[in-house]
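In order of appearance the chains are A, B, C and D, and numbering begins at 1 in each one.
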Amino acid sequence: MESVGSIIMYVIIALAIVIFSILAVTTRKILRAATYLLFTLFATAAIYFQLDYEFLGAVQIAVYAGGIVVLFVFSILLTSHPGDNSEKLASKSKKMGLVGAAVMFIAAAWSLFSRCEMLMTSRPEMSNPDMQRVGEALMGTAHYQYLLPFEAVSVLLLACIIGGVVIARKR
Amino acid sequence: MELTMLYYLIPSLFMFCCGVYGFVTRKNMIAILISLELMLNAVDINFVVFNRYLFPGNMEGMFFTLFAIAIAAAETALAIAIIINIFRVASDIDVREINKMKF
Amino acid sequence: MDVTLPIIILALPLFMFLFLGLLGKYMSHRLAGILGTAGMGITLICAYTVAFTYFFSGNPDFINAEGERLQQIVFNVTWLQFTPSLVLRLGFLIDPISSMMLVVITTISFMVHLYSNGYMRDHHGVWEKGFQRFYAFLSLFSFSMLGLVVATNIFQMYIFWELVGASSYLLIGFYYTKPSAVSASKKAFIVTRFADLGFLIGILILSFYAGTFDFTHLTSVAVEGLNHVYQVSEGTAQNILSIFANNPASTFMGASVLTWALVLIFMGGMGKSAMMPLHIWLPDAMEGPTPVSALIHAATMVVAGVYLVARLFPLYLMETAALDIIVVVGALTAFYAAMVACVQVDIKRVLAFSTISQIAFMMVSLGVARPEFHHGLGYMASMFHLFTHAMFKALLFLCAGALIHAIGSNDYTAMHGLRKYMPITHVTFLIGCLAIAGIIPFAGFFSKDEILTACFGHSIFWYIWMSCVAGLTAFYMFRLYFLIFWWKEHKVHDPHHAPHDQPWTMTLPLVILAVVSCFAGFVPFGNLVTWNGHPMFESVSFLTNLENLDWSVAAISLTVAVVAILIAMKMYKTENELPAKMRNALPALWDWCYHRFYWDELYMFITHRIIFGLVCKPIAWFDRHIIDGTMDSFATLTNKASWSIRGLQSGNVQTYVWIYLIGVILLGSITAICLI
Amino acid sequence: MFDNILIYFVVIPVLMLAGVALCKNVKQIRAVAVVGSLALTALSVYLLLDYLHLRHVGATAQMLYTGSWAWFTPLNINLSVGVDGISIAMILLSSIILLTGSFASWTIAQPKEFFLWLILLSTGVFGFFISIDLFTMFMFYEVALIPMYLLIGVWGSGNKNYSAMKLTLMLMGGSAFLMLGLIGIYYHSAPEGQPLTWNLLEIARNGAISENWQLFLFPMTFVGFGVLGAMFPFHTWSPDGHASAPTAVSMLHAGVLMKLGGYGCFRVAIYLMPYAANELAWIFLILTGISVVYGAFSACVQTDLKYINAYSSVSHCGLVLFAILMLNTTAMSGAIMQMLSHGLMTALFFALIGMIYGRTHTRDIRQMGGLMQIMPYLAVCYVIAGMASLGLPGLSGFVAEMTIFVGSFQQGMTDYLAGAGSLRLVFTIIACCSIVITAVYILRVVGKLLLGPVYDDHHRELTDATWWERLSTATLIICVAAIGCFPNFFINLIKFTFSPEIFSVLNFTQHSGIASVLGMN
C-alpha cells in the first residue's frame, strides 16, 4: 500500500502529463508548445523521483528541461516570422491523426489490460542507487558496467557538436 | 490502492500517443520535433518503470534512459541546426515544402 | 617432273600481284607495265615448257607404252586437314587438259598484258589512273586461274574458283568511280557466289561419300606411285557407283545422290560459265576494261565451268542424267544467247552473248560425249573448241578494244565504215569473225564441226538445234562486222583526230592471235586431249584434222554458215531499210531479244522485291520491333513497376510515419490475434 | 606462384593498370599501353612456341602449365590455371587485339580513365582464358563485363546510355543463368562423399553430374555463355552496343569478348555435360542456325556501318556456336578457327569503321560514297576485311567456314544416314547459304561506301590513315592472312583438345534425341 501522499502526487503527475502532452501537440502557437513540453518534461522528472531514481530525475531536469527546451526556444525565435507564429491545421489531417493515435492508444492499452495481472505487481523495495554505484557502473568495464556506451555517446555528442557547428555556420 | 506498473504505463502511453498525433499532424518542423521528444520521453518512462518494478537490483533501464537522454540532446541539437539551415535556404520550415530530396 | 617450273608458274604471278599491289604506287606506270608483262612472259615460257614437255617429250611419266596420256601430280602439299582422311591439299596436276589450259591461259594473259600497255593510255599517252593496280589484279587473276586448272583436288579447285571470282570482281570494278561498273562487279560476284553455293554443297556430298577430294581418286584407278592412268576402268566405276548406291540415302527426291552432287557441281560451272539462268552477270561484266573482258570474260575464267565438268567427266559418265541436264541447259543457253546477240547495239555485249553461246556449245559437246561414240568425241571437241574459242574470242575482244579505244564509244552506231581508217584491226577482226563463223580453214571450223559431229552422234534433234545456233552465230558476227566496218562511210570532222590503228603493243597481240586463229584448227587435238588419254588417231600430220572430218556434217555446217554470212551481208553491208523492216515485222521478238528476254528485270524483281523487300526488311523489322521489343519490354516493365511504387518514397516524413503506424498497428493486431 | 608463366597474363595487365594510373600525360599513357600490350603479345607468342615445343617432346596432359593456389578454402575456390591449344589461340588473339586496339584509341578523349577501364577489361579476358577453375573463370568473366558499361556509357557515341545499359543488363542476365549453372555444377562436381571442386578437369574426370541435372544445368550454362556469343534471340544487345561503343571497345568486344561466349560454351557446357549436350543440341542448333542466316539477312538492309557489322557478327558468331553443337571434331575445330578469324576480322572492321567515322562523322552509308578516292589505304583495308568476311580463300574466313561446313556436313550426313533426323543436315545447308548473303551485304557496303563517285564534296578534304592507324590495321590484316594461308598450323594447335579421349561427347554414337523430338527420320 502506498501512502496517500504518493498517490496524490501520482495523480498530479499523471494529470500533468496528460494535460500538457495534449496541449503541447494541439496548441497553435509554437512557443507555447515548447512551454507545455517543458511542463511535461518536469512531470516526467517527477516520475523518476517518485520511482527513486533521483539522479535520473536530476539529469532529466538539467538536460531536457534545461538544455533542450532552451534550444527549442532559441530555434523557434530564430525561425519564426514575426507575427506569424501560428499554424492552421487541416481538419482532415487532424481527424486522421486523431484516429491513428486513438487506434494506437486503444490497441496498446488493450494489450496492456489484457496482461493486467502481470502488471499489477507491487513495487519491490529498492535501495536508492547512490552516486557511487552510478559512477562505478558508468565508468567500469565489467558486467553491467557501461564505459563503452558512455564513450560512444561522448563521441556521438562530439560529432553532434561539430555537425551542428558545420551545419548552422553561415556560408 | 497500490501504484502498480500499469499506473505509470498508462500516462506514458498517453504521452506517446500524443507524440504520434503531433508528429503526423503538425506541419512546423519544430513542432514535429517537440512531438518526437514527447515520444522519446514516454519510452524513457517505460524503461525506468520496467527497471524499477521488475529488476530493482539492476540499473539497465536507468542507464538506457540516461543514454537516451544524452542522445536525444545531441539529436535535437543537430536537428535544430538543420532546421535553422533549411529556414535560411527556404525561409520556411513547413515540412510539406521540404521535399527536394524525394525520389 | 621437276617441281621448279610448276612452282614458278604459280608463284611468279602471285609474287607480281603482291609486288605490284604493295609497291606499285612507288614506281612509274611504264615500269609497272613492263614488269607485269615481263613476269607474265616468264610464266608463259615456263608454262609452255611444261605443256610441251608433257605432250611431246615422250617421257614415260606422261605417256605409257600404249600411247595413253597419264596424269601426274608434280607436288601436293597438305594445306588443311579436315579429318584424318579428308585432307585439303594444294598441288600441281598435269594431264592433257591442264596442260592445254596452261597454254591457253598464259598465252591470252600475256597478250592481254602486252596489249594493256597500249590500251590503258589515252591518245595523248596519259596513263589510266590505277594502272599499276590493273597489272596487279591481272597477275592475281592469272595466278588464280593457273591454280584452278592445275588443281589436284576438287577443293583446291574451289579455292581458286573463289579467287578467280574475286579477281574478276576487282577487274570488272576497275573503273570504280563509275556506278555501272560497281554494280556490274557486284552482280558478277554475287551471281557466281550463288552458283558456288551449289558447287560447295556438291563438293560436300561428293567428298562425304567418296571420302576424298582428289581427282585422281575420284576419276581414276590403278594407283602406281604418283602416276594414275587417266581412265575409269570398269572396276572403279563399279566401285564409285557402289559407294553411292550402298547407302540408305542414296536416292534423294528421286535422283541418286551422285546425280545430285554432280548437278550441284555443275551449278557452280553454270555460274562461272554464264549458263542460263545464271548468265546475267556476263553482259554486265563488259563494264570492265576491254583487255579484262578478253582475258577473263571470253577466254579463261568463263570456261572454268566447262573445265570443271571436263575434269569430273568420268564421274559424269556414271550418271548420264546429269549429262542430259548439261545438254539441255547448254543448248537452251546457246540458242538464247545467239538470239540476243543478233540485236544488241553495244559491240562488247554482242561479243559477250556470243561468248555465252560458244561456251554453251562446249557444254553441249561435253553433255553429248559418250565413250561409245567416236571414243568420246564430244569431250575432245569441247576442249578443242575451248582452245580455239579462247584464241579467236580474245582476238575479237582485243579488236573491239582497239575500236573502242579509237572511237571512245561501245556502240556500233558511232563506228560504221571504219575499214579504211583501221586496216589492221579490220583484217584481224574479219579473221576472228570467219573463225567463229566456222569457215574453213579457220580455227572455229574444225572445233565447231567436231562438236556438231558429236551432237549428231548423240541425237539428231540436238544436232539440228546446234546447227541453227551455228548459223545464227555466223549471222550476228557478220552483222557486227559489217556494221562496224561497212554500212556507211565514217564521218571525220577533223583529219587529225581520225580513227587510226594503234601502237605496236596493241597491234602485236592482234596479229599473233589472228595468225593463231588461222592455224589453230590444224592442231591434232584428238591425239593430245581425249577423255581417257587414249589417242584418237593412229598417226599425226598437219592435215590430220582435215582428213578425219565427217564431211557430211562439215558440208552442211559450212553451207549454213555461208548462207548466214550472205544474209548478213545483204542486210548490213550498205545502209538500207532491211534491218528496220525486219524489226518491224517481228516487233515483239525484237523487243524481247533486245531486252535479253527480261532476265535482268526478273532478277531485279527477285532480289529487290522478294529478297530485300520480303525477306531482309521484314527480318530487320522483326529484329528491331519484336525481338528487341521483347527485350526492351522487360526493361520497360521493370521501369513502370518502379515508377508505380515511386510515389511511396515521397520525401514527406509524415507519410512515412503514417505507413509505419499502420504497419505497427497491423503487425500488433496480427500478433495479438495469434496470441489469443 | 610467380614461376608459372600463365600468371603473368594477369600480372602484366595489373602492372599496366598501375602504370596508367601513375601516368601524367597522354604520351606516357600511350607508351604504357603499347609497351604492356606488346609484352603481352610477346608473352603469348612465347607461350605458343613453348607449348608446341612441349607437345612436340611428348607432353600428353590435356592442359599444360597447370597450377593451383588456394583462395578461399571453405568453398574450395582456387586460382587454377592451365592452357591447351585453344586457350593459347584465344590468348594470342586477345593480346593482338589489345595491341591494335591501343593504337586505334590513340587520340581518345580522357585517355587515362579510358585505358584504365580498357586494361581492366583485358585483365578479365586474359584471366578468363587462363582459368580452369569455374569460380575464378566466372569472376574474370564479370571483370571483363563491367568495364564495358562505363566504356560505352562514357566514351560512346549516339544513343550510348541506352546501349550501354542494354548491353550490360542483357549480359548480366546471361550471367545470372550462368552463375546458377556453375553453382549447380559445383554441387554435383564430385561423387557422394568426396570433396566438391570447381576445377574443370577434376569435374570432367569425376563425371558425377547426373543425367537429370545435366539436362537442367546445360541450358543454363549454354544460354549464359550464349548471350555473350550473340545467340538468337539474345543478340539484340550486340547491334546497339557495338554501334555506340568507341572503336577500341568495339574491337575488343566483338573480337574477344564475344569469343568468351563460344569458348565457355564448349569448355564448360559441352565439356562437362556431354549427355545433355547430345540430348539438347537440337534446340540450340535451331537457334544458332537461325542466328546465322537471320543476322546475315538483317545486315543486308542496315544503313549504319556498325549495325551492318554487328549483325554480321551475329551471323558469324552464330556459326561458331552452331559448329560447336555439331559435336564433331572437324566442326568444333572449325568453330575455334572461326572464333580466331572472326575476332581478327571484326576487329579490323570496327577499327576501320572507327577511323572512317572519325573522319566523316557519319556512319550512315547513304551519306558517304567514293571513299576509295579519298582515303585509299583505309578503303583497301576495308575491302580486304570484307573479302575475309565473305570467305575469300587466302584470308581467314574461308578456312574457318570451310572447316565448319565440311565437319557439319559430315555430321549431318552421319546423323541422317543413321536415322537420327536430318536437322543437322538441313541446318548445315541453310548455314552454307549464309556465304551468299554475306557476299550481298559486304559488297553492298563496299559498293556504296568505297566505290562509285564521291557523295559528299566535303569529304574530299579528308586525310588518309595516320601511322598508328596503318600499324593497327596492317597488323590485323597480316594476322588474317596468316591464318588464311597457313590454316593447318592452327588446326593442329587446336585439334589436340577435340579428341574423343578428352571430349567425351565425341564418343556418343549419334543419339536419336533429335529425331525422337521432331519425329524426323
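Just so we're on the same page, a residue touches a chain if its C-beta (ideal position, glycine included) is under 8 Å from a C-beta of that chain, and two chains touch if they have at least 3 such contacts.
What you are looking at is a predicted structure, and each value in this text was computed from that prediction instead of being measured.
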| item | value |
| --- | --- |
| Chains contacting each of subunit B and subunit C, listed by label | A |
| Comparison of A-C and A-B by number of C-beta pairs in contact, larger one | A-B |
| Innermost chain, where centres are averages of C-alpha coordinates | D |
| Subunit B and subunit D: spacing of chain centres that average the CA atoms, whole Å | 62 |
| Geometric centre distance via CA averages, subunit C-subunit A, whole Å | 102 |
| Mean-CA-position distance for subunit D and subunit A (Å) | 68 |
| Centroid distance [mean C-alpha coordinates] between subunit B and subunit A, Å | 6 |
| Per-residue multi-chain contacts in subunit D, two or more chains | none |
| Residue list for subunit A, restricted to those that touch at least two other chains | 96, 100, 104, 108 |
| Multi-chain contact sites of subunit B, meaning residues that touch two or more partners | 20, 24 |
| Touching pairs among all chains present in the structure | A-B, A-C, B-C, C-D |
| Touch list for subunit D against partner subunit C, complex | 165-166, 169-170, 232-237, 294, 297-298, 300-302, 329-330, 370, 372-373, 387, 390-394, 398-399, 402-403, 405-407, 409-410, 413, 416-417, 429, 432-433, 435-436, 439-440, 443-444, 447, 450-453, 487-488, 491-492 |
| Residues on subunit C engaged by subunit A in the complex (per definition of touch) | 658, 661-662, 664-665, 668-669, 672 |
| Complex interface listing, subunit C residues touching subunit D | 78-83, 86, 88, 155, 159-160, 162-163, 166, 169, 173, 176-179, 182-183, 185-186, 189-190, 193-194, 196-197, 200-201, 204-205, 207-208, 247-249, 611-612, 615-617, 619-620, 623, 627-628, 630-632, 635 |
| For the subunit B and subunit A complex, residues of the former touching the latter | 1-22, 24-28, 30-31, 33-35, 37-38, 41, 44-45, 48-49, 52-54, 56-60, 62-63, 65-67, 69-78, 80-85, 87, 93 |
| Subunit B - residues contacting subunit C, complex | 20, 23-24, 32, 95-96, 98-103 |
